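Each structure below is given as structure tokens.
What follows is chain A paired twice: with chain B in the first complex and chain C in the second.
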Partner chain A sequence: MIITKSFVYEPGEHEAEKASNSYLMSLIALIAGLPLPIVNLFATLFFYIGNRKGSFFVRWHCTQALLSQLSMLIMNSFGFWWTISIIFTEETLSNRFIAYIITVFLFNLTEFIATIYTAINTRKGLHVEWWFYGNLTNLICKD
Partner chain B sequence: MKKLVFQGLLTITLFFTILFVLNQIDWMRILKAEQVSQTVDKKLGELYWELFSESEEEIENISITSAIDSILTEICNSNYIDKNKIKLHILENNEINAFALPDGHIVIYSGLILASESEAEFCGVLCHEIAHIELNHVMKKLIKEVGLSTLLSMTTGSNGVEILNESAKLLSSNAYDRKLEREADAEAVNFLIKSKIDPESFATFLFRLKNNSKEGNIMELAWINTHPNIEERVNNIIKQRDSFAASNKPILSNETWMNIKVLLENDH
Partner chain C sequence: MDSQKVDMFIMSNGKFFESHQVMQIRERLIELDDSKWGIIQTMQFKDPTVSIIVSLLAGTLGIDRFIIGDTGLGIGKLLTCGGLGVWAIIDWFLIMGATREKNYEKLQQVL
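Coming up: the complex of A and B.
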């Protein structure tokens, strides 16, 4: 799921800190923005915009963090509005809803653990590529 | 690129596989969600019924209640509905009105029985209210209008009498939204057909009350006033009725039905 690879160059201390912050940004915003799923996406997006002219290593990790947030946004938004409709409309609690929420929770938890792991390793200057998102970032983010 | 597409598809497949597997589990039973919802339903039913029974007099004349109970039993038996979950109450009130409360309580005003020219007309309204209960419309309406948190706090007694009164008014004098009314009508027609009662009488009843309200002949037309789009509903009932071979087999004898009306007239 997560592979630590060698990057095209050895990132400096400052770069490693910034790259690591892109992941921390989504984590902090996730805690602050609960239950609104869009807050963490915005936080990561602003961090990405702020660093789009940064070094390749920083840009690469900002992009990976942003892409992972995008797919979580779709998943979480659906769950969020489904919950709202149960509370405020005639929609009722069902097995299907509970199954969806547990699935989304499992994916969120996996992403949460992966984010912490990546933030720690990126801070050490290691290059961590995620399953799917790593390849997608390689496609989008060019030196 | 191929690897990327493969990984993407595999992630999506993993998501839907987990969702599919988790969907096979009866979470509502494990988490006792239905039990909680039934407790809330029961408590709310008691609260609302208490409110109505305090302000109106319940008719306890055994000749009337047993005859109406026979009608309810026949409709429930013909439609495989658990009769024990429906608590029918007849209240002395001139208003032509009937409404459903949580936990299967149905309140019928004596004015409605008196305004029904035949047993079949009364059965139409009764089936419509049973349909609201069977389709869980009562709780849906309350959650939508009052909110789940308010309802839950009402059951624990932490909410004022004012909200209880307001929401009781909502149940007795406000229609459900168009979609729910249409669903209840369609289900009522099914109930009537299975009970061998011609749904045309239900349509006639609605139409007659609508005309009477236009002419101002009847003053207390709560049920018709709170159920708009009568023409559309009558047409839908007739259309649905025509697609079945409707028959009409009265549950009570004509004499018993007339006797109920005489007893109710005398009670007034």
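Coming up: the complex of A and C.
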């Protein structure tokens, strides 16, 4: 699911650091922004905007981080508001809700592990592409 | 310019620039006229380590942005209390790179 590929050029020390930071920051923002599911997306988005003039390697990894956070936002927001509606309205706890929450939890856990793994490897200057997101980023981010 | 002078400049000021820019700076300096050596030698650059410390301590007040010369962003950060904390967190990761970029821009005005 996670493939380490060779990049078109050898990224420098500071480039690798910035690329790694784009993943790390989404984690820290996630912890700071709990339970709201949108804060980490904002953080990655602003980091992307801050680095839009950066080198290709940095932009590529910022885009991948942004895309992954975007799909997290859709899944987490739905779960968040469903939970709120159960607490505050007549909506009752159902099997469907529990199944959805388990799915969201597993998805978040996978994403969390993948993000940490990618942050570590990008820091070493390795180019890590995720399944689906990597291809999508290749289409969006051009040199 | 004499390559020995350039290497001396790179050795003492290399930490103020992005690592992938250093070689480019070196080449540009070697091509540069000797008369500009005085200006380049006396240029003052902002230290990325200082800006990260300021960002950690007073990031929500935007002081880090003021220090590197982004007054507009600094005021924005000050008025929004560091973008409700989120911007301040983002800047912990961005500020060192931003400082190095500013230093590079400053040097480019002379080159």
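Some points to look at:
Just so it is clear, the second predicted complex is superposed on the first by the 143 of 143 C-alpha atoms of A that agree within 3 Å, B and C clash if a C-alpha of one lies under 4 Å from a C-alpha of the other, contacts with A are read in each partner's own complex, and residues count from 1 in each chain.
Here, a contact is a pair of C-beta atoms (placed from the backbone, for glycine too) under 8 Å apart; a residue touches a chain by one contact, two chains touch by 3 or more.
Since this is a predicted model, take the numbers as computed values, not measurements.
After superposition onto chain A, the partners chain B and chain C occupy separate space and fit alongside each other. Once the two complexes are overlaid on the shared chain, A:Ser55 sits against chain C while remaining clear of chain B.
In the superposition on chain A, no contact is made by A:Leu27 with either chain B or chain C. In the superposition on chain A, A:Ala65 contacts neither chain B nor chain C.
In the superposition on chain A, contact is made by A:Phe46 with chain C only, not with chain B.
Legend: residue contacts after superposition of the two complexes on their common chain; A:Glu13 is shown touching chain C, with no touch to chain B. Of the two partner chains, neither chain B nor chain C is touched by A:Ala114. Contacts of A:Val128 after superposition on the shared chain: neither chain B nor chain C is touched. By the touch criterion defined above, A:Leu73 lies against neither chain B nor chain C after alignment on the C-alpha atoms of chain A. In the composite built from the two structures, the nearest CA pair linking chain B and chain C is 28 Å apart. The contact sets of chain A with chain B and with chain C never meet. Chain A makes touch with chain C in their complex at residues 11-15, 18, 21-22, 24-25, 28-29, 32-33, 39, 42-43, 46-47, 50-51, 54-55. By the touch criterion given at the top, residues 18-20, 83, 85-87, 89-90, 93-94, 97-98, 100 of chain C touch chain A in their complex. Touching chain B in their complex are the following residues of chain A: 75, 87-90, 92-96, 98-100, 102-103, 106-107, 131-132, 135-136, 139. Within the complex, the chain B residues that touch chain A are 1, 3-4, 7-8, 11, 15, 18-19, 22-23, 25-28, 31, 33, 37, 136, 139-141, 143-144, 147-149, 180.
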